[in-house]
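Next come two complexes built around subunit A: one with subunit B, the other with subunit C.
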Partner chain A sequence: MKNIVLDVQDLSVHYRINKKVIRAVEDVSFKVEEGDFVGIVGESGSGKSTLAHTIIRLLPTNAMVVSGRIELLGYDVLSLGEEDMRKIRWKEFSMVFQKSLNALSPVHKVGNQLADAMKAHNPNLTEEEIIDRLKQLLRMVNLPERVLKAYPHQLSGGMMQRIMIALALLNHPKFIIFDEATTALDVVTQGQIIEEIKSLVKSLSLTGLVISHDLGVVSELCDEIVVMYAGRLVEHGTTEQILQQPLHPYTQGLVRSLPDFAQEKKKLSGIPGNLPDLSQPVHQCVFAPRCPIATEECFKTVPSTEEIDGRRVACLKVGARI
Partner chain B sequence: MSLLNVKNLKKYYSAGLIKKRYSVKALDGVSFDVVPGEIFGVIGESGCGKTTLGLVLSRLERETSGEITFKGSKLSGTLKLDPETRRQIQIIFQNPYESFDPRLRIEQSLLLPMRINHICDNDAERREKILGYMKDAGFEPPDAFLNRYPHELSGGQLQRISIIRAMLLKPTFLVADECVSMLDLSVRASVVNLLLDLVERERTTVLFITHDLSLAGHVCDHIMVLYLGKMVELSTAKRIVESPLHPYTRVLMSYSPSIFKKREKINVKKLGVETAIGSGCVFEPRCPYSFEKCVEQMPPLIEIEPNHSVACWLYLKT
Partner chain C sequence: MDVLFAKYLFRRILSAVLLIVLVITINFFIIHLAPGDPATIMTGLENPSPQIIEALKRKYNLDKPLLVQYFKYMTNLLKGDLGFSYVYDQPSWKLIGPRVFPTLSITVTASVLAFTLGTYLAVLASRLRKKFGDLIFSLISYVLYAMPSFWLGLILILVFASKLRWFPTSGMFDMRASYEGFRKVLDYLHHLFLPVFTLLLIQLPVFYRVTRASIVQNLREDYVTVLSAVGLPNDKLFKKYVMKNSIIPAVTIFGITLGFSITGAALIEIVFAWPGMGRLLLDAVFRRDYQLLLSIYFLMAVFISVAMIVTDIVIAVLDPRVRLL
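Right after this comes the complex of A and B.
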């Protein structure tokens, strides 16, 4: 039995916007074992980024954690004080953000910004030690040393994303979250960075989460996949299970709406309808209005997450194929 | 007979401060034919000139040089078109929220172009027609959507309306510039399907611009691959997807993340070069198969097999 690194239990996070309550994450539970990478997949508005930001406690002020518990590397993340949290954030766990250009200051050199983050957690290090570590990091992410003296706007998107990965690895974290880390990049650059992340994860024996809307990216990087829809976990299984034999109708629809080279030219099948209004409390299956196999029952009860063949699905009609 | 014929099309943008003026070659000698009724795909990464091509062909940007012939008459040289040709060439943009007037209701946004182009005799008939299209596109009930403002619709709904807006004018040639790339996967299919249904019904010819090779392979009849403003490969969609020849197309294929089949990755030189330098092949700095000749001269686009052209010295060794 491997150690559990991240344990999320019954987590609900709401936002308060204009007197309305937006239920961004509802009753989500899952575990990540040491050495594993779990992909969180969902479309925009599914709550995947809120989930990630809750785990490292970077939520905006209008967000409230309504219920739940998060245990990360032995820390009870949600009950830690802000000061204690700051000490371990970026040292024990870190995150690679999507918009790298927005994540760094445009008026400071990349090298200085990396060094600052380093000093904040290791005040005793000398200049030389810091520079040595930065050079070592750049080699790890395949960047030339000259980028330390560059400003963010002088670097290409791929280089910036590598800087963000270096920044996340700065203090030897054990747990790392990639939040849409390759989304804004070109296909070839994205492919290269995915390959680099794969080898880094292996050589540093990292554990983590990959947040993405792209099933292709997640299937390259992860051992397990959590599928989210409208703030709820709808299915959780190994990458192979989710992609080869999805059980939840939403996952099935998602997998079938991917175009593939091998297929003949034919119609793509999508999922009709739109995301439900997250400000209304739901007393039914959230996916029922868009679900092709929903029956009366689905509009009356909230399906619980059941365990079937080592995977978890929240659907009353499990097994029934569309 | 081709509907659209493009010969040696060039579009340079000048950039830089006054003293170090240089030009960015967004399109550098592009030539191709589009046959009536086909979906012609344009593939490439950001900065390859695919959007510029769409803007030049829909006459929103003037070309630097080159010739464009549309239905036998010359389009190039001026942006002033007669209203009839203007109507026949329509464009759908990537972001529907930016291509609708935020202060006009959907009904107004759809009626206005029809009035200008004298489609139908009066507004009642036009409304009837709009409702028919909306119903086919899955809006239920259609008239409930007409009174809304663009921000009240989701991205997928609004993009379907922008397709309807273009198709209501019965264009002969439609430019679709990354029309689904900002939409969620589950709604993407409904937008693509609507586009395919309408263009099939109206026999519209489409220039389908995308960065997604698997989507292009699915939708298009022919695919042209652009790299830094140059055409590197042109063939039927089937051939491009099944047996790509140009190293860049092969690299692109190998890196497209797919859940269906894991492909062997082709290694390219690490850092991308964003502008072409010197007289060599544009892809040479990243190409894993390059040799001396590639540094010296850009290879011409040559038809190697019937219906399959490629610009690469690897295939022109003789």
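Right after this comes the complex of A and C.
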């Protein structure tokens, strides 16, 4: 049995916006074992980014963790003080942010900012040691050394994304979260960066999460996949299980919307409808209004997460095929 | 990068020279389009005889075609001759020269103080993060911003000069005492205080508001979130990153303010009876003193161009993105 690096239990996170309470994450539980990568998939507003930001405690001030517990690398994340958190964040674990283009100050050189980030956790390093480490990092992410002397606007989107990966790897973290790390890139660069991330993760034996709306990206990088819908975990299984034999109707819809190059022409289909209003408490299956197989029962009962064959799914019609 | 910077600088200087030539040309022709005849005004008579007007026009080359006058003016400028005021019967420079220092000592001092104090207060307000203090600052800055400069000047004279008698009401020197040396400098500063203070109060809110808004906006930028998450101490994040990003708009405004400082602050100069450029300019307009007006406008164009080049260089140093433009 491998060590458990991340353990999220019954996590609920709400936002308060204009006196309304938005239930962004509701009762989500999952574990990540050492050396594994788990993908969190869902459409915009499904709560996947909120989940990621809660784990490294970077929530905006109007967010509140209503219930739950997060244990990351042995730390009880939610009960740590702000100062203690600052000390371990980016040292023990880090994140590759979604918006890499504006992620650094436009009027300071890239190298200067990376060096400052390094000094924040290693005040005793000499300038030379810092430069050496930065050069080593750049080699890891396939960037030339000259980018250290460049300003952010002089670099391409792919280069900035690589910088963000280098920034995340700065202090040899054990756990890393990729939050839509390749979303803003063109397909070719996206493919290259995914390959690079794959080999980096393997060579550094990292554990982590990949947050994306793109099932394709997640399935490339992850061993397991958590599917979220409207703040809830709807299905959790190995990548193979999710792709080959999705159980939840929502996951089935997601998989069907992936293009399949091996097979002959097949019509891609979307999932009709929109996310429900997250400010209203729900006493039914959240997916029922969009579900093709929903019955009366689905509009009356909240499905619990059942464990079947080593995977988990929250659906009253488990296993039902369409 | 250095080649790029040199190219950028060269382009800026070239465009400034072109701009100055354009300004002189347009001014020259526009002024001659204005109604009113300088020769008639010069005679000082209600119904001057045609002979006098004829003689005056000949004396000052006003009888020549406009284009001839224009080329004569341009060649004279190149020789360093700013022109000749027919109203004062003196070379323009003789009138402008003595007013440059008094004018700049008010406007530049006020602008420098407004820039430093305004940005400092903005930083202070955003660091305190006290909603109440911020509200008070903003309210005061609104009131000051909306206040007419001459009215504020008058009120300050009323309070600090007439009632409290801390400062003189007007003028540049005490006429009754003829101080020399250091004592004279002190007397000058004593007279300088109220006009500078008035102008400072008028300009301060602009710098305060712009910097304040810029800081607020910068604090919401992604780089702040990222660098803070990375573990950079808040203090360093603010002083090194947020400050440098936030000060750029204020520097631009400072440059523009500095550019216009040569024309003086006419209203304030009138209120404080300060012998500056603003009053000279207004008088020249009323008396149709074409040559003097053109001289002042020429000086203004040069001054603004130089100020803008310097501002652009400072901003290019602060913000690498503008070097590419």
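As a working rule, the second predicted complex is superposed on the first by the 314 of 322 C-alpha atoms of A that agree within 3 Å, B and C clash if a C-alpha of one lies under 4 Å from a C-alpha of the other, contacts with A are read in each partner's own complex, and residues count from 1 in each chain.
To be clear about the criterion, contacts are C-beta pairs under 8 Å (C-beta built on N, C-alpha and C of every residue); 3 or more make two chains touch, one makes a residue touch a chain.
What you see is a predicted model; the values in this text were computed from it and never measured.
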Quiz item: Clash or fit: subunit B and subunit C on subunit A?
Solution: fit
Quiz item: In the overlay of the two complexes, what angle sits at the CA centre of subunit A between those of subunit B and subunit C, given in steps of 10 degrees?
Solution: 70
Quiz item: Looking at subunit A, does subunit C or subunit B touch more of its residues?
Solution: B
Exercise. Please indicate which partner A:96 is in contact with in the superposed arrangement: first for subunit B, second for subunit C, both, or neither.
Key: neither
Exercise. May I ask you to decide whether A:298 touches subunit B, subunit C, both, or neither, giving the answer as first, second, both or neither?
Key: neither
Quiz item: Where does A:13 make contact in the superposed view: on subunit B (first), on subunit C (second), on both, or on neither?
Solution: neither
Exercise. Figure out whether A:274 sits in contact with subunit B (first) or subunit C (second), or with both, or with neither.
Key: first
Quiz item: Once the shared chain is lined up, is A:186 touching subunit B (first), subunit C (second), both, or neither of them?
Solution: first
Practice problem: Using the superposition on chain A described above, determine whether A:156 touches subunit B (first), subunit C (second), both, or neither. | Solution: first
Quiz item: Touch check for A:107: first (subunit B), second (subunit C), both, or neither?
Solution: second
Practice problem: Please indicate which partner A:216 is in contact with in the superposed arrangement: first for subunit B, second for subunit C, both, or neither. | Solution: first
Practice problem: Quick one: minimum Cα-Cα distance, subunit B versus subunit C, in the superposed arrangement, integer Å. | Solution: 5
Quiz item: Which of the residues in subunit B come into contact with subunit A in the complex?
Solution: 45-46, 138, 154, 156-157, 184-190, 192-193, 196, 211-215, 217-219, 237, 241-242, 251-261, 265, 268, 270-272, 274
Self-check item: Residue numbers on subunit A that touch subunit B, as the complex places them
Solution: 43-44, 142, 156, 158-159, 186-192, 194-195, 213-217, 219-220, 243, 253-255, 257-263, 265, 267-272, 274-275
Quiz prompt | subunit C-facing residues of subunit A, complex | solution = 56, 58, 86-87, 89-91, 94-95, 97, 99, 102-108, 113, 116-117, 120-121, 151, 153-154, 167, 170
Quiz item: Hey, which residues of subunit C end up touching subunit A in the complex?
Solution: 221-223, 225-227, 229-233, 236, 240-241, 244-245, 248, 318-321
